[in-house]
Amino acid sequence: MAAKRLVSLTPLATVQGPVGEAASTAIASINSELELWNGIQNIIYGLSLGSVLLLAAIGLAITFGVMGVINMAHGEMVMIGAYTTFVVQQIIRVSAPGLFDYSLLIALPAAFLVSGAIGVVIERGIIRFLYGRPLETLLATWGISLVLQQATRSWFGASNVQVGSPSWMSGSFDVGMLTLTWSRLWIIVFALAVFATLQLVLKKTMLGLRMRAVTQNRRMASSMGIRTPWVDALTFGLGSGIAGIAGVALSQIDNVSPNLGQGYIIDSFMVVVFGGVGNLWGTLVGAMSLGIANKFLEPFAGAVLGKIFVLVLIILFIQKRPRGLFALKGRAIEA
Amino acid sequence: MKAKDTLLYLDGVSVSFDGFRAINNLSLVLQSGEMRAIIGPNGAGKTTMMDIITGKTKPDTGDVYFNGTVDLTGHDEAEIAMLGIGRKFQKPTVFESHTVEDNLMLALAGPRSAFSALFHRQSQAEADHILEILYTIRLFEKRHWLAANLSHGQKQWLEIGMLLAQDPKLLLVDEPVAGMTDAETAETAKLLRDIARTRSVIVVEHDMHFVRELDVKVTCLHEGSVLAEGSLDHVSNDQRVIEVYLGR
Amino acid sequence: MITQWLFTHVDRRGAFAIALLVAIAFFVPVLNLLVPETSALHVPTYLVSLLGKYLTYALLAVALDLVWGFCGILSLGHGAFFALGGYAMGMYLMRQIGPRGVYANPVLPDFMVFLNWKELPWFWYGFDNFWFAALMVVLVPGILAFGFGWLAFRSRVTGVYLSIITQALTYALLLAFFRNDMGFGGNNGLTDFKDILGFNVQAGTTRSALFAATALFLALAVFLASFIIRSKLGKVLVGVRDAESRMRFLGYRVERYKLFVWTISAMLAGIAGALYVPQVGIINPSEFEPANSIEAVIWVAVGGRGTIIGPILGAVLVNFGKTYFTAAFPEIWLFALGALFILVTLFLPKGILGLYGSWQARRATRAALKDDDAQPPLVKQSSRLVPAPEPQAAE
Amino acid sequence: MLTVENASLHYGAAQALRGVSLEVKPKSITCVLGRNGVGKTSMLRAIVGQHPLSSGSISFDGTVLGKKPPYDRARAGIAFVPQGREIFPLLTVRENLATGFAAAKRGNRNVPPEVFELFPVLKTMLGRRGGDLSGGQQQQLAIGRALVTRPRLLVLDEPTEGIQPSIIKDIGRAIRFLRDQTGLAILLVEQYLDFCRELADHVYIMDRGEIVHSGDAASLDKPEVRKFLTV
């Protein structure tokens, strides 16, 4: 709209006299208006990218931040969530096509349970033997990620599977001079909802209380009667389950293939490390600021260079603040 | 008092972590050639004080001078070690995958640059010095053992030996007899008294028998500052020391 | 004379490996070129190249072990240095194609012509000269490693944080090299090589020569690594691995030692990459994949970190397994590799050589116990530096 | 109720306990005295399961505890108030108390009323973070938190350390109340001689990882006993 006006005004600006001057001022004001909307668009796009990052990273913030486990298979938990969505949709297509619009809602708990259960099995089977040896957990979970990828490949094939979008996810709407897609909006809403729910679980449930107690002082928590191994398994399960939920959302905006998780693992680690380990708010701020920074850099540097630039910035940032943006200070985190 | 003519001079030093004052307006002066025992309940700030002297922790306020003129707060751990301050940790920290001899070799005073280390060849003088230390710390027979295989007390001695090899002017020794048997404790006291003939030593210790055997001036720390200072008898009769430390 | 000099700087196992590599460098080409194809002893050319590829991986593994095994720095980005060395060699090979490319441009490589570039970008200058390219093979990874390490070690980034940012480093390079306008052939990378130093890269003799060069460089790397590890510097590195702060309190500038070995290691990885490229005939951005770097870590872990021979063993064994599995049962390979990661970390933290080492130490303990009541073992296997198990006598 | 027999404990190569034996009876206060670093805390750690014994045994109510982890011991009725309090610093007072529900039976998942009777200050601070409390308040919270688990044995490690005298009085009163009113067995490790003499039914003195004296509270005044406690 503004662009159209701009096109019609431009030839007039060269005209001598008051008409030309008026046209010039009009052009200037339109330009500044465009710039404003451009900025708003960047912020909104940045928030939606940040939401994707948040979804991918928040489970990791639990396993890495709270438990100190470097879970390289985290991306595969996301991937499993996406495949769970696919399976749920297949079942719905076959047995109850009318429910298709609700397929994502049904997939959410399913993905949480599938990924969470796998997480519990991994923690009990492998990770619990490796506590206190972070570099070893890194290698072992990398092995797990290879196995999970290959298992998915053997089961569902190496190529992408089709995950459909319910009607309320498709289409777009206008805000001022912007056109936004519904999927972009929903992913922001969803990411924030997941974040809020997780905060609620941590703050208001018995499990959350025990998780926090174990994080702050494992030995004392055990002496209070808290079964620490059980809490470890459930914490890892919770982190994995949230990754599964993230997979449901990501199935809507990304190709669902066995490699899905690989694309997110480094970004997720960057978000957690940038935001500050052991701090969910840090993860939120970290994800959003990285998303917005990315979108603002894109016009100057292009999508890929922008991303490289952000990576380099994080590398430099970690040198300055090795514990991240919102590092927890003092004894609580050391214990 | 002036920093001049002292070996170690701490004045008005404070440091806090997240609002917790670990060291609170601490002042301490050590003369050249002096041995000092530091006692105090857990959390009195003994280890933090060592961290400040050795550059691991920077104080929020206060002066820390070495040798009268060198401001230690402006140097990091490696520089302070090269100035001539050696430190023994509370938990014996030796290089477990090296032999006893190599542990001493690494500690030996000398150039510390990577390049010189790459082409380093041991001189006769160095070898002799290592032998001498091996005898002093009673580990000659075990010089080819991996440090990991030493007993707890032997590790403590090896670490003291490493300090000697470093040839420092000042030794900071954190709980040297924790976990030692009575005989080892007595030996260690003897060893430290020998060492103190030629250098200054600060010993942090809980063990009162041991402190008595050292027979030196004692400083009692409490909540990050000096509570009492003087001979052991003087300190142990101080009413406040008895209150906070020795049992009321 | 030479052997004696060698023995003062290398332990028995290292000397054996060097001798073996030199012998291989000689015999494999002989068996390929001089023994008739009908003979059972003939080594076919494809196998020469395959073995050559394994040995470049082994060289990468030795480089990685130098920082991880001996200094405790787990790099998840060593593939980046390998790939950069490979690209430097690839650029030389591209320039050697000259007018024989599809577009027959005497200066510009095909992909530049295809992208409508008019002249050679400045960073391609000099790569028509082999020695310049050879210099870049070590300088480019070396300078990158130096800059990165200088920042990271100075601010005391350690442990998993360091691992993660090394991974980010290779990931950033991966993204960058995928871009067409970076000027490195984008997605397709550099390929269709013709000559190296005037010899046809496809020819059997060239392949044998490349193989021999790889084996000799690996032997050299073993020597260099042994020399470093047996020097006082090497002992400082192991000290840093075991008790970093103790080392600082002894007056060592830990960050400089780390930086030294880190840079050397990156340069070795660069050489490995440079030897890799002419033997496989291509270099593309996928070499920067973080997965590659992590795979190199498992070679070291399987063979035994903190040993010099272990990584070679691990690299060759794992890659042999990979070649076999991906041909025979392609679906199984990733399962096998994944299981290898898990099993090695759970049950074999010191790798194959570590297993052998602890068996040896047990035997030494028994022997020592026999002739002397309570003497714990006198274990010092110079290049291993793996702590012996707790003395049995204490029980 | 609690019997420690011939217990030895090592930290790596360092030996902290050398054949310690002692007994805690129900409805009584047992004090262990000794100077810094003689192994008192190590012994408590072994009793609550935070560090394994290298030899010897500990039994509670006739069951050998063996390798039972701390949470099983807490559920069996051993509550621990550690040296330095070890309050969860980022949890509120209410949440700190609630961590004890883990060891309590399902019907008992509440804060017993005597906690607020003994330490009324806790009631006014339920929403504050544990880390923001003063040392004395933290000590009261640590004891309160231990009581939430409904223990039968309460193990306290230097509860008077660094605490102002008025609160020490409160704590002493609380300990006596718990013995008399609820029949708890109490094992108290202290350096504060007078505090022990007033409270203890039985005292042990430790030196260099060994028990060197056992007797009633009055025996603490004998000079041959005093020598272990003075410098």
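Letters A, B, C and D mark the chains in the order given here, with residues in each chain numbered from 1 onward.
Definition applied: a residue touches a chain if its C-beta (ideal position, glycine included) is under 8 Å from a C-beta of that chain, and two chains touch if they have at least 3 such contacts.
Predicted model, so just to flag it, every value in this text is computed and none were measured.
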| item | value |
| --- | --- |
| Contact-richer chain pair (by C-beta pairs counted) among B-C and B-D | B-C |
| Label of the chain whose CA centroid is most distant from the centroid of chain A | B |
| Interchain centroid distance [CA atoms averaged], chain B/chain C, Å | 43 |
| Distance between the centres, which are taken as Cα means, of chain D and chain B, whole angstrom | 33 |
| Centre distance in Å when chain C and chain D are each reduced to the mean of their C-alpha atoms | 56 |
| Intercentroid distance (Cα basis), chain B paired with chain A, Å | 50 |
| Residues within chain A bordering two or more other chains | 330-331 |
| Residues on chain B engaged by chain D in the complex (per definition of touch) | 41-43, 150-153, 155, 175, 178-182, 206-208, 211-212, 223, 232, 235-236, 244-248 |
| Partner chain B, residues of chain D touching it in the complex | 11-16, 33, 35-37, 83-84, 161-162, 190-195, 208, 229-231 |
| Residues on chain B engaged by chain C in the complex (per definition of touch) | 54, 56, 76-79, 81-82, 86-87, 89, 93-99, 102, 105-107, 112-114, 117-120, 144-146, 148-149, 162, 166 |
| Residue ranges of chain C touching chain A (in the complex, touch as defined) | 74, 76, 148, 151-152, 154-157, 159-161, 163-165, 167-169, 171-172, 175-176, 178-179, 290-291, 294, 297-298, 301, 331, 333-335, 337-342, 344-346, 349 |
| Touching residues (chain side chain D, partner chain A) in the complex | 48-50, 69-71, 73-75, 79-80, 82, 86, 88-91, 95, 98-104, 131, 145, 149 |
